[in-house]
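Two complexes follow with chain A in common, the first pairing it with chain B and the second with chain C.
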Partner chain A sequence: MKKLIPYWLVSPYILYFCVFVAFPVMFSVVLTFHSWNIISPMKFVGVENYVRLFNDRLFWQAIYNTLRFLVIHIPLQIVVALTLAEFLNQKIRGQAFFRGAFFLPVIVSGVVVTILWQQLLGFNAGILNRALSVLSFPKVAWLEEPAIAMYAIALMATWKNVGLYVILFLVGLQTVPVQYYEAADMEGATHWQKFRYITLPMINPTIFMVVVLSTIGGFSLFIEPYIMTEGGPLNSTLSAVMYIYKQAFQYYHMGYSATLGFCFALLILGVVAIQKRYVEQEM
Partner chain B sequence: MMKLLRYTLLILAALSFIYPFIWMISASLSSELGIGSLTLLPINLTLRNYSTVFERIPLGRAFINSLLVALITTGLVLILGAMVGYALARLRFRGRNLIFYLIIFTMTLPFQITLIPNYITMVKLGWVDSYFALIVPFVMNSLAVLLFRQAFAGLPQALIDAARIDGCGELRIIFQILLPNIIPTVLTVIILTFMGLWNEALWPLIVIRDESTMTMPQMVTLFSVGGRADAQLGVKLAAAVMLALPILIVYLFFQKHFIRSMASSGLKD
Partner chain C sequence: MSQGWFMRKFGFIACLFGLMLGGCRQVETKRPLLFWCSNNAGEITFAREFTEQWQRNHPDKPLRYQPIPEGQSSEEIILASVVGKTTPDIYANMWQGSVEMYAKAGVLVPLDTISGFMEFLRVRCDSSVIQEITSSDGHIYQVPWKVNPIMTLCNTGQVNGPNLKGPPYTYSSYLNAGKQLTKDANHDGYMDRWLGYTEVKVIWYQRFFNFYPLYLAASNGAPLVTNNRGHPSRAAFNNRYAVDVFRFLQQLYRDGYYPKERLTSARDPFLNQRIATSFTGPWQVGFLERYKDTTLHYDTWPMPVPDSHTGPAYTYGDPKNIVIFNTCPDPRAAWAFIKTLIDKPGDLRLMELTGQFPHRRNVDTDPYFSSFLQKNPKLLPFARQSRYIKGVDNCEVIVEVFDIISQEYEACVVYDRKTPESAIRDAARAVDVLLMSEKMNE
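Entry: the complex of A and B
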């Protein structure tokens, strides 16, 4: 009887795993070979969904958009977060205030941030453009220009999440032994040299964590373009998750949507695995 | 010189994070004409935008839904997470490692893969448009289990032995003896779970169609995407302020805990 206690305690997890992880993953594979609108019976279609995916220009556009988002978002986030963390890591008055301020957008819903930024990025009334015209720069059509809109969203996402990464970098910076800097001071190293040859290599694991976290976060981009641009202009901000959502809940193509989700998840796992391997080589 | 530069940069950065929020609040209190300006204080102070939001959508109902869902789910995450975490940390049994690997596997699995099948499960269970769909899929949280496992592993065995001699059952040991000793972990789990649930917008958009069951982020999203805000900026902003306010208020009181819990988990929504 006593032997059963541990199993009784972990049974909620096992049940959860079966219903919400194992079953969906297997069912997802089955679903990719079917056509189904939920109401009528499932129809086996073989690899038709996969063929369709390969020829679906909108899906590749959505992948391309998501990658474009990541390519600007991740480096920007690392540079800004690391700079702020490096500045905060010195003896500074009001540490808590600054950390608290940077963290503010992190805790608020993405819905709030998006509605707020929609106003900030407006062409005529937006604060950003007003500030630009005060400085006598030309106005920018942040959300109306297909070539720019995704970058504007990446800028917003960076503003939203950077506070979290400032904190993670601060934790990382505190693990660097002070002796290293003292030794470098004796050799007469400059600020930049200390940063380049001590700090950067020492916080490599943190950088890796930030890259992985923001890759996974970036791949799940949905609510920001959904509210802000509804995927436009000209599908330039249609993200992959948004496209999966549309296929399922606007057109009721459950089988095809599952295929998109399945292939996209494999892509994410692949990208993260490559990142991991690359970093292991570096270290 | 370097010092001055450092402070200037930090203050500018801090302003760029705080000012938009202040602007949002004051613009939501301004008349439509005043919104385009860069002010700190509302222009023609009015509550009109807020009353318009309540006229157009049942936001009060959505607030109660969000609160109920977030509180119940957080409570369950706490209870179930502590049970599983305790078993993994302090009990020896066959399959313990297997469960640990399943948890890691679950955490690395992108949610995109389970999204559609999970929706279908909800349909088949008849849970669409019910609180069950919003609560049940979230009652188990792999990160919470891992945090509890780590915290329980750090406690002295004597604590458990003493309780056993006094005749405590495992559940009493977990919740009455051990949990009070790991309050920081409990707070971390509460903050991360509650915040995640309060801000979750995608899943409710998928499983809820009926207005009376909608959560706040979903309601505000549909309000600002759909035509009901009539492109009135102030009204949209008022809705956004009401969605942000509860979390912001809690944050002002528990700032330290928020930051610590996020730093210890390294995760975001």
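Entry: the complex of A and C
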């Protein structure tokens, strides 16, 4: 009997896992072979959903947009976060205030932040364009121009999340032994040389962690384009998750949406596996 | 604390939890009918009045009302209730375009099987309305209830200015108005006064306020989808009317008479007199009357039409209808209650409380409603327009049809990346593929 107690204790989690994780995952795999609009009975359609996926121009555009977002967002995130972390790692006045200020957007609701940025980036009434006008620069159609909208969203997402990565980089920077810098100073190394040959190699694991976290976060891009641009203009900000959501909850194509989700999950798995392999080689 | 005690306690809690879950199932004994109404103040008052009246007159047929639970949209709530089998017995405010999906899922009562329904309907509505709401299986699952015709609201102070003929509009005169009215009032190099504004968002229902009413106006109410029983449905909008509408709207954006940016985050641009015209419904009248300042004067006209157009200008009527779900234990009693909502006194009360129009014939000329319209002259054009309105085609995938049109609308009208001809042709082709695949899935 005594042996059973641990099982009883973990049973709530097992139950939770089965009901909310294992069953939905298995059910969604089954769904990929069906056509189902929630209210009518499911109909077996074989691999039709997969065939449709390969011919779905919009899905591939959504994947391309998501990857494009990652390519813009991740380097920007790392450069900004690392710069700020370097700045906050110095002995400066108001250090605690700045650390708090940079972290603040992380804890604010994503929807609130997105609406705020929508106001900032408006063409005529937006604060950013007003500032540009005052400086005699032409206004920019941040959210209305297909070539620019994704950059605007990446900028916003960077601002929202950078505080978290600043903290991670700060921790990384503080683990670098001071003796290395002292030795470099004695050799007459410049700031850039110290950063390039001491700091960067020493915080490599932190950089990889930030890359992995940003990748996973970036793949789940949804709130920002959903609220700011609805995926437009010309589908240039339609993310993969948003498209999956649209198929499921706008058109009620549950089977097709599950197929998109399943293939997208495989893609993320592949990217993370490549990153993991690369990290292991580097370590 | 022994292990046996622990196991007994755990088992007891598990049993209690199971009983609680079991208790959630509603006991289907003789229960009051449940009527879900919309959750705006006017319609809640309407529902309360008529429910109380029903209770007084039919104490043996209990009925209670409840505003539809809060959610992102009423469509989502209804879908969730169908899935969860917690539907009300009667639901008022069902979008006409959703009914076919529910009808095919078999969750609605075919109302034409209730005695007296068709006779009542024929008195209330024209044959064209009855045809429009007839499902592909030949049954009728919805009671035409209320409409909100989309029309052109004009700032008369601006549109009757010099060099302008004023409304009613043809495409040429509307574009000419754009030329005269669009300007840079604060001289900062950017336009800040426009002819009009319509949402550039790709969301399908935004086409109800630009492309669709203009298409109906141009084509005298032509369908988007042909729905011949026994034959596969096809796109019906690959015609000169749709092309002309796209070209007209494209011109408005190309010449800057409509802004591409979103104006919705600021104060209402029509109220603010930043735009001179707006394609909108009668709900806007109540809003304007409440918040307008003394310098704003406005009136309402039909949607702009092609220069060669003859006959009345149809528009989208935004019909919302009443349905009975098949979970209803007494559909006859439910229909008897619905009749009290949509007879003449019911329709008049709807107008008085909500400013919306009943979906019945001759609202504008029927003496029963004349005193209300005399007291509310700003609503009179909408009442007249309600003779020439259309809903959406009875098609299970109509939302996707509008979404496909929206994609092409954005590419052609807003961003000028396609010609109107190729945009309409591509949209029609995509709709045909969609309808074909739906047919194969049936």
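By our rule, the second predicted complex is superposed on the first by the 283 of 283 C-alpha atoms of A that agree within 3 Å, B and C clash if a C-alpha of one lies under 4 Å from a C-alpha of the other, contacts with A are read in each partner's own complex, and residues count from 1 in each chain.
The definition used in the following text is that contacts are C-beta pairs under 8 Å (C-beta built on N, C-alpha and C of every residue); 3 or more make two chains touch, one makes a residue touch a chain.
Keep in mind that what you see is a predicted model, and the values were worked out from it rather than measured.
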Touching partner for A:141 - first (chain B), second (chain C), both, neither: second
Contacts of A:268 with chain B and chain C, given as first, second, both or neither: first
Touching partner for A:38 - first (chain B), second (chain C), both, neither: both
Chain B versus chain C as contact partner of A:89, first or second or both or neither: neither
Which superposed partner A:215 touches (first chain B, second chain C, both, neither): neither
First, second, both or neither for A:233, with chain B first and chain C second: second
Which superposed partner A:125 touches (first chain B, second chain C, both, neither): both
Of chain B and chain C, the chain that contacts the larger number of chain A residues: B
Which superposed partner A:109 touches (first chain B, second chain C, both, neither): first
Partner chain in contact with A:164 - chain B first, chain C second, else both or neither: first
Where chain A meets both chain C and chain B, residue numbers: 5, 38, 118-119, 124-125, 230, 249
Chain B partner contacts - residues on chain A that touch it in the complex: 3, 5-7, 9-10, 12-14, 16-17, 19-21, 23-25, 27-28, 31, 38, 84, 87-88, 90, 92, 96-112, 115-120, 124-125, 127, 130-131, 159, 161, 163-164, 167-168, 170-171, 191, 209, 213, 216-217, 219-220, 222-223, 226-227, 230, 240-241, 244-245, 248-249, 254, 257-258, 261-262, 264-265, 268-269, 272
For the chain B and chain A complex, residues of the former touching the latter: 2, 6-7, 9-10, 13-14, 16-18, 20-21, 23-24, 27, 35-36, 38, 80, 83-84, 86-88, 91-93, 95-96, 99, 102-103, 105-106, 108-121, 123, 137, 139-140, 145, 170, 195, 198-199, 201-202, 205-206, 217, 220-221, 224-225, 233, 236-237, 239-241, 243-244, 247-248, 251, 255-256, 258-259, 262-263, 266-269
Chain C residues touching chain A - in the complex, by the definition given at the top: 3-4, 6-7, 10, 76, 79, 82-83, 101-102, 104-105, 107, 188, 190, 192, 200-203, 259-262, 265-266, 397, 399-400, 403, 407, 410-411, 414-415, 417, 437, 441
List of chain A residues in touch with chain C within their complex: 1-2, 5, 8, 35, 37-40, 43, 45, 52, 118-119, 122-125, 133, 139, 141, 143-144, 146, 230-235, 249-252
